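What follows is a pair of complexes built around chain A, which joins chain B in one and chain C in the other.
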Partner chain A sequence: MSNQLKVLLFAKVKEVLGKDSITIDLPIDKSTSFNLIQKLKDIYPQITSILEVSLLAINQEYISSDQDIAICPSDEIAIIPPVSGG
Partner chain B sequence: MTDESRIKIEVNENIIDLNYWYKIVSDDSSGATSSFLGTTRNEFKGKGVERLEYETYKPMAIKEIEKICKTILNGFEGDIKKIGVVHRIGNVPVGESSILIVISSGHRKSSLEAVHYAIDTIKSTVPIWKKEFYTDGSENQWKGNCESCHFNNNNHPH
Partner chain C sequence: MEIKYIKEHTLKPNEIERYGRQLITPDIGVSGQMSLCNASVLIVGAGGLGCPVALYLSSAGVGTLGLVDYDTVEISNLHRQIGHRESSKGISKAVSLAKTISELNSLVKINTYETTFTSDTAMEIIKDYDIVVDASDNVATRYLVNDACVLTGKPLVSGSALKWEGQVTVYNYNNGPCYRCIFPTPPPVETVTKCSDGGVLGPIVGVIGSLQALETIKILTNNKEGVLSGRLLIYDGMSAVFRTVRIRGRQSGCNVCGDKPTVTQLIDYTQFCRSDYSESAGKVDDRVDKTLIITVEQFHQSIQNNHNHLLIDVRPKIQFDICSLPNSNNIPIEEIDKKESIEMIEQLIKEKVENNNGDNNINNNELSVYLVCRRGNKSQDAVKILDEKLKESRDKFKLLHIKDGLLGWNESIDDSFPIY
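For the complex of A and B:
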């Protein structure tokens, strides 16, 4: 059994992958933020360096990069590259 | 007054209307209105800039700006009256503005400091991104604010 997790993409990540969201499969017992990032790096090595400096947002709240939290398919997941507003 | 009625936030593609935003924060109990207006500059490190293109994760951007506004209302010795923040998205040519922060307060010190805190924090935490387009046709670049390494969000109000 696996979870299908939709991940929203922005800025350079969106541009490099050429789409504004992707769906990632993770086993239900491994659906965590650390595993999601690792799987993204495995599937899309071209964004590894950006992921190193990006944060995840779950339900529009930043997740600290040292925090491995459980994610479920109903969560709104986004990769937030270094911001540059203003 | 509730916090919500003292805060006005917009993130959209419209040209920023200064008069509108100054009216939003006007208040009879305010003796000072301070502001920051961020504008597209025509060069970056000697390279000619033609325009900036902004993108956002809008619902989260509004939430993050709201957090900053609430922190401001609860700090600065309770002297802040009203706050307006507007960020323009999409193309912003040289000479046009991408962000306006306007804050009214009882006395000048609190709103001047609050504006400084607001722009520094917005630049480091709000999910908005800009891409720089150059006049020499060289490859456009996604920017990253130096404030936004995501690892040192140590901004606190005074």
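For the complex of A and C:
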């Protein structure tokens, strides 16, 4: 059994992957923020360095990179890289 | 003399008339307007964000505005930098914007700083202001402005924008986080997209700049509760969605605003971020071996001599569609290392080599494969990739990236080639 997690993408990750959201499959017992980020790095190694400096927000709440929390398919998951243009 | 009216404040009749609509707005009132009139705000950057910020804050009657920008107005700024005019082309952005806002509200005092905001100039400029607005366009300036605000205890209203998106938040306010609490490590240079490469829309910087002006007004009028501190507002203009993400609070371990800061005075942010205090394109340094470089003049000479060649333009298709050199093949840098692209290039090379052997009109020279982009930056990456990926057939052709790219072509060979 696995969870389909929809991840909203912004700024540079959106640019590199060429889409504004992706769906990530994680086993139900492994649906956590740590595993999600790890899986993103595994599938898309080209965004690894951006993920290191991006914010992860779940249900519009910042999740610190040292915080491993459970995620379910109804959660709104967003990867927010810094934007510096203006 | 007969008393005609009672007015227990110092707003003058002309100010009451001018600011009437905002004066009667709930939570502004006389005290709010007086705070605005007595306030001073420094705006770092007089571009896409700085223009709407300055226009709204000056029309709202902020007493003193400081405008910092080292750059001059170009025609390509005008689609989004709404505080400048065609007639300002070539003059300082700070001066140009000051002129526009003084025509809008002559009651506002304006200080212009036609200089780069750097570790050397920042503290002297910032000291006279109550609040700082970050309307800059580059990473190094963002860290510099943040640290300068933390060190001087001033709130920082930060905005940024690119393409169809923008972000706004307030740092260093009411014990909230600073920029470094949220983004302790500068992003790797190659992950930062500039407006000059990625594009940006006028209404996007307009929305973000307007929100920055509003947050500034809220702080100045002491409407503390609603200030966008500890929250990051993200505007996705394409989907028409605003999201407000709760970000973490002030970090006790933060290097600049934490309990034991390691940054106690300004540092060299160009070194810290490995990038300049500007987003300007400028000339690109050589990163590849000399044998892989050709100048626009040499390239021009070579094609004039009808030298057998293959020209690959590695810009994104959206840019290639604007204008390209004759006989160029568009293979964007993002796709150049893909199997299909390599196969296509190998096929093109094969055709050219065969063509060369069978056609006496073409100088019987070795085939040259030229890589071009806008500035000669990405074409260096492309030359490295192809040098590696085409190893097996490398003896059949020369591989060269065109230094300074199409901007160089415009400068040295054909000034009618459109530049964007």
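Operating definition for what follows: the second predicted complex is superposed on the first by the 82 of 86 C-alpha atoms of A that agree within 3 Å, B and C clash if a C-alpha of one lies under 4 Å from a C-alpha of the other, contacts with A are read in each partner's own complex, and residues count from 1 in each chain.
The criterion applied here is as follows: a residue touches a chain if its C-beta (ideal position, glycine included) is under 8 Å from a C-beta of that chain, and two chains touch if they have at least 3 such contacts.
The shown structure was predicted, so the numbers you read here are calculated from the model rather than taken from an experiment.
Novice: In the superposed arrangement, does A:26 touch chain B (first), chain C (second), both or neither?
Specialist: neither
Novice: Just chain B (first), just chain C (second), both, or neither: which does A:52 touch?
Specialist: After superposing on A, A:52 lies in contact with chain C but is clear of chain B.
Novice: I'd like to know which partner A:65 touches here: chain B for first, chain C for second, both or neither.
Specialist: So A:65 only meets chain B here.
Novice: Counting only touches as set out at the top, which of chain B and chain C does A:37 meet: first, second, both, neither?
Specialist: After superposing on A, A:37 lies clear of both chain B and chain C.
Novice: Tell me which partner A:7 touches in the superposition: chain B (first), chain C (second), both or neither.
Specialist: After superposition on chain A, A:7 lies in contact with neither partner.
Novice: Check the residue A:80 against both partner chains and state whether it touches chain B (first), chain C (second), both, or neither.
Specialist: both
Novice: If I apply the document's touch criterion, which positions on chain A are contacted by chain B in one structure and by chain C in the other?
Specialist: Common to the two interfaces on chain A: residues 10-12, 15, 53, 55, 57, 60-62, 78, 80-86.
Novice: Going by the contact rule at the top, pick out the chain B residues touching chain A in the complex.
Specialist: Residue positions touching the partner: 38, 54-57, 59-61, 63, 87, 98-99, 119, 122-131, 142-145, 148-151.
Novice: If we count contacts the way the header does, which residues on chain A are in touch with chain B in the complex?
Specialist: Against chain B, chain A makes touches at 8, 10-12, 14-15, 53-55, 57, 60-62, 65, 78, 80-86.
Novice: Sort out for me which residues of chain C touch chain A in the complex.
Specialist: Listed in rising order, the residues of chain C that touch chain A are 45, 47-50, 134-139, 142, 159-163, 165-167, 182-183, 185-188, 190-195, 198, 200, 205, 208, 232, 234, 236, 238-239, 243-248, 279, 334.
Novice: Please output the residues of chain A touching chain C within their complex, sorted ascending.
Specialist: Of all residues in chain A, those touching chain C are 10-12, 15-16, 20, 49-50, 52-53, 55, 57, 60-62, 64, 78, 80-86.
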